[in-house]
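Paired with chain B in one complex and with chain C in the other, chain A is shared by the two complexes that follow.
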Partner chain A sequence: MGVEIPKTSYSGAIRQISFGSANKVTMGGANSFPFHVFEGEMPNPPRIAMEVYDHPPEDWPEAALAPFKDVVDDPVKWAGKCIEEYGAEIICLQLKGLDPNGKDDPVEDAVATASRVAEAVEVPLIVWGCGNDEKDAEALKAICEACEGRGLMVGPVTENNYSRVGAAAIAYQHVVAAMTPIDINLAKQLNILLGNLGVPDDRIVIDPNSAALGYGIEYTYSVMERIRMAALLQEDERLAFPIICNMAREVWKVKEVGIPQQEDPKLGDPEERGIMMEAMTASLLLNAGADLLIMRHPEAIKRTRKLISDMMG
Partner chain B sequence: MILVGENINIISKTYGPAIRDRDAKPIQDLAVKQAEAGIDYLDINIGPARKHGEETMEWVVKTVHEVVDLPLSLDTTNANAIKAGLRVHKGKALVNSVSLQPERIEHLLPAVVEHGASMIGLLWGREGMPRDTDERATFAAELVMVAAEAGVPMEDIWIDPIATPVGVDINQVLSCVEAMSILQEITPGTRSIVGLSNVSNGVPNELRPYLNRTYLAMLMKHGLYSAIVDAFDDELVALAKGKMPEILELVHGMMDGEEPDLSKLSDKEREYAKTTRVLLGKELYSDSWLTN
Partner chain C sequence: MALSGIEIFKMLPRTNCGDCGVPTCLAFAMNLAGGKAELAACPHVSEEAKEKLVDMAAPPMRTVAIGTGEREVKIGGETVLFRHEKRFENPSAIAVLISDTMDQGEVDERLKKLEELTYDRVGVTLRADMVALRADSGDASKFKALVEHVTEKSEVALLLCAADAGVLEAGASVCAERKPLLYAATAENVDEVAELALKHKCPVAAKGKNLDETAELAKKLTAAGLKDIVLDSGVRSMHEALRDQVGIRRAALVAKIKELGYPTIVIPSEMTDDPAHEALMASVFMAKYASILVLSDLEPAHLFPLLVGRLNIYTDPQRPLATTEGIYPLGNPDESSPVMVTSNFSLTYFVLSGEIENSRVPSWLLVKDTEGLSVLTAWAGGKFSGDLIGLFVKKCGIAEKVNHRKLIIPGYLAPESGALEDELPDWQIIIGPREAANVPAFLKRWPFE
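This part shows the complex of A and B:
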């Protein structure tokens, strides 16, 4: 006698979102829970973007820095290495230097960096601000204009700057990543506001504000799960957007990732430890519903690609 | 339905300082205004009142009773302050509240019996918030047993199944309604009450009344006896006092599975219908739920 496996039936689907110019990438489109390919379709596998920074990192553990040591002083070279050597299909430029509490780069510098990278690489490009709403609003607005035609994804767009960045994204046709602080109601509200502003539904992705394994990933996981349930089971169309997780920067600042082996031998080899923490974080976020991960270490990425391909069957 | 006005509260920017400075006029004006609005009980919330709790409660009770005869709900985590309030209260007071926490039971139940007061039986367990309807039911049975043993008559126990914010966990919002629906089976003869405004905690102020009113209408389906409310929400008072039967019919119908055609409803009905969908968990809450 055969066993019938119970199946969930879904009434909603996640929108498909594309970005890029010469090379485009498409995300989303699923009409079942992540990797439940026995219940529905997942037309696009989750995507991985490799991150590059505007300045050489100062606080990365050695394990994260090692693969990029020769290129960290130039985001163009760095992006090139990610693509040629590690097969990156998307690049995420992190403009950390904009932070008024850090290097406080002038907006023009950030625009110049973004433009250089946008011209040098052909793969789709994500441009991520520093997390300061005001500075990001100015910088992302200017970058949207400077990179017209490049089909960027820009973020984080928040409830405090969505109208300024959103307007520029509409005018110059880029995708926005709408970030809210691990809260499903606020996520829905920001998507409604972006819609009211006139951002087309095929140019919004949700950033639920990722945490890392060991640093509160449970909350992110639970909110992402609920976002997917609302979209797929309750047809909540203001939550039916792909989800992006800017996760690597969270993983590599977790305390356990940075502790040298001589300080705590039982934690084991710091390189393998960091890679595993990043790969594990990625696997959890994928299972919660991530459509796009921003990752760092080539080996963690390799393992995550393998996982995705195995899970897609 | 019995309404308990929530407006005399130590956290208010106007009335908090008046209580602390023993400035009688604003407190008395507020008490009179609530009475005029049709409120039946006045809640006297003096917060944790760790310092001078007894004198504070005693002063507010006397001050309010100089101008209105309404019974008061004595609301503080300081048990001694509640006892002090009971000693000077005229008529039958409401003790807010007794939960399963041992110190509340030990200190407050004898005082409730001694003064012939009513009590709010808050379904808050020894480890805090009930997780679901089963825990609410268990807590209710246990609390009523303890109170009855101490000599509190059933009709003086007002069970509060705890309303929680819509933006935190909709299942808890639903569980409070479900608990209300089974309360008379579990603890026959008791009364019920909810702190209604909790449901809209965290929501922008101008939007809170819509959620409060609709949630009240939902709880009324299951015979809610009383609610702690904003005394100055006229529509809420009208709804509670049975002056909006067509709205109750609409909301209760939706709770039974009806899906009214929004385009055929009046603006007012549409407000309630949209809010009911949110509070039933059929539509995820966002601040734009009324307009989206």
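This part shows the complex of A and C:
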């Protein structure tokens, strides 16, 4: 005789979302909790995008910089290295230079960078703004137009700029990443607004605002679990979208990631520590429901891929 | 699971004899349900009813204690599947493996790492919790010698691992008073191991080839009179182990299957030879329901992230971690360094202190007790108003540490700057950025001449 393990009866499923052009990627589609493949389907295992930046990073720990030292001054070369050497299947271009509190790049520069990368690589491309709603609205709008036909994912789209970016995404057929600050109701609200604006349901992904291990990941973790439960158990169709986590930039600014070994020998080798902080952040986010992770270190990515394949069985 | 007074009443003799100190059985039942009386006060309740009541009142997953004294480890007692519903009770205990085939140098090195690798974070000390002593030699005297050596050197909670009951006995006999977890009762040795656990009053693990067999074994152990049981579903592949961990938690909490109402053990070190992959697997099982995780070694660069992740996942979602009120010097500030004030929501503190350190501008950060609420929430709730901040700035003693009188407040508190100026007439109130991410750029402008 065996024990009867209670199964969860799911009534909803996550939408499948594709983006890219010549080379497309599909995410989502799960009809059970993450990696609960014993009672449901996960037709598209979670994906990993590798990030490249518009300018050479100034504040990265050595461990994160080392793999890209020879390419950091050119996002096209950087993306090329990610694809050829590290097998990246998606690239995320982070336009940090747009930030008015930082380099304050003119929008035209960002558009030029995005267009160059979009032309140079064949894999699906995510274009991410600087987090300033106004500047991002202008830049992402222009990028949507310039990259028509490329099937981008653009983000972060917020409640303050969704109508401008959303309209451009509709017109030029890109996917939007709707970002809200770690709150299930706000996430739902923004998805409703995007829907009302006319963004088709197969072109929205949720960015719950990822935190890193040690810096509030528990909030992201629980909000993601709740979003998944609402979508799968209560058929809340305004939450039944894939989830994207722009996580690497959070991980590598964690205080303990940057501490040299001499300063605190108990923390171990800084390279291995940083890689592990990134991979473990990924591991927790994956188990909370992430469909797409934006990651940085090639070794952290390699380990995360292996973990995903092990969890899929 | 709490029983209602009526449910209890039905099982009492209903004679209203009053021997329990209250006039009626119903009154006694109500007191019992409210935790105001002990069942033992009624001399007339039948053995059968007693057993039933204890059984019915038992929590769906038992809490098991391993070890003694300060290093006792409590596992299990979980009540939910998702942490937002209610706090996860007992963090996964992390055990490091020591084999009786290792030389003494290696053994001592591992014990040393176990003691030394501790980390302080938000006032909490993070560390691994147990050692798993494994009989690989097959030689009872060798195993016994290892157990003796480790118990002499360390107070840590023990896990004794041997397939052979005789070898297990050799180890248990020299450390029984330390309440080690005996690992494991299997289909081959369950009777002998049950006897051993009874004799030494030790917790014991049930390890089947699969979940069904494990449940069978747990049932046998219970029948033998054992209560402190830990489950190993026996599988050693990632996806099957995940399935079983979810299965056991659901069986215990949702279906209330008694023989699975126990904490679990997962051994990632038996799932892979790659230590990094092992640590990553451990992070999954830490969140997904393992009560004990056995690691092949303690690599600091792996252990630290795992412990931090555990701290995060096992934090009470209703009561966020708070930072202690006080003055935090960041990057060796001196008397001319900027002074900033913020709330004591630990996430605010973490993010802000991180950004201040990134800025490389040494600063004084004043953390005010806002009951663990973030800046905006605390302000909205009246706990972060200008007059309260003013009082705090005066009494915290920052005025003696700096030779200037400039106070930077969070951008969201701009409406309070007037009240603050009234409260702190000597100070110039400067409105800082709303978001921590903009703090480095802001601090570069210090001293705002």
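Rule of thumb we're sticking to: the second predicted complex is superposed on the first by the 313 of 313 C-alpha atoms of A that agree within 3 Å, B and C clash if a C-alpha of one lies under 4 Å from a C-alpha of the other, contacts with A are read in each partner's own complex, and residues count from 1 in each chain.
Operating definition for what follows: contacts are C-beta pairs under 8 Å (C-beta built on N, C-alpha and C of every residue); 3 or more make two chains touch, one makes a residue touch a chain.
Small disclaimer: the values here were computed from a predicted structure and weren't measured.
Asks: Tell me which partner A:236 touches in the superposition: chain B (first), chain C (second), both or neither.
Replies: first
Asks: In the superposed arrangement, which partner chain does A:215 touch: chain B (first), chain C (second), both, or neither?
Replies: second
Asks: Check whether A:26 is in contact with chain B, with chain C, with both or with neither, and answer first, second, both or neither.
Replies: A:26: touches no partner chain.
Asks: Is the number of chain A residues in contact higher for chain B or for chain C?
Replies: Touching more residues of chain A than the other partner does is C.
Asks: Return first, second, both or neither, reflecting whether A:173 touches chain B, chain C, both chains, or no partner chain.
Replies: A:173 sits against neither chain B nor chain C.
Asks: Going by the contact rule set out at the top, does A:303 touch chain B (first), chain C (second), both, or neither?
Replies: It touches chain C, and chain B stays clear.
Asks: Would you check which partner chain A:192 touches, where first means chain B only, second means chain C only, and both and neither mean what they say?
Replies: A:192: touches chain B, not chain C.
Asks: Answer with first, second, both or neither: which of chain B and chain C does A:4 touch in the superposed model?
Replies: second
Asks: What residues on chain A touch chain B, complex-wise?
Replies: 183-186, 188-189, 192-193, 230, 234, 236, 238-239
Asks: Given the complex with chain A, which residues does chain B contribute to the contact?
Replies: Listed in rising order, the residues of chain B that touch chain A are 167, 282-288, 292.
Asks: Considering the complex alone, what residue numbers of chain C touch chain A?
Replies: Its residues touching chain A are 82-84, 116-119, 121, 211-212, 215, 237-240, 242-243, 246-247, 250-251, 254-255, 257, 259-260, 276-277, 279-281, 283-284, 287-288, 299-306, 308-309, 311-313, 315, 317, 347, 350-351, 353-354, 357-358, 433, 437-438, 441-442.
Asks: Quick check on the complex: what are the chain A residues that touch chain C?
Replies: 1-6, 8, 35-38, 59, 101-102, 131, 211, 213-219, 221-222, 225-226, 229, 253-256, 265-270, 272-273, 275-277, 279-280, 283-284, 287, 303-304, 306-307, 310-313
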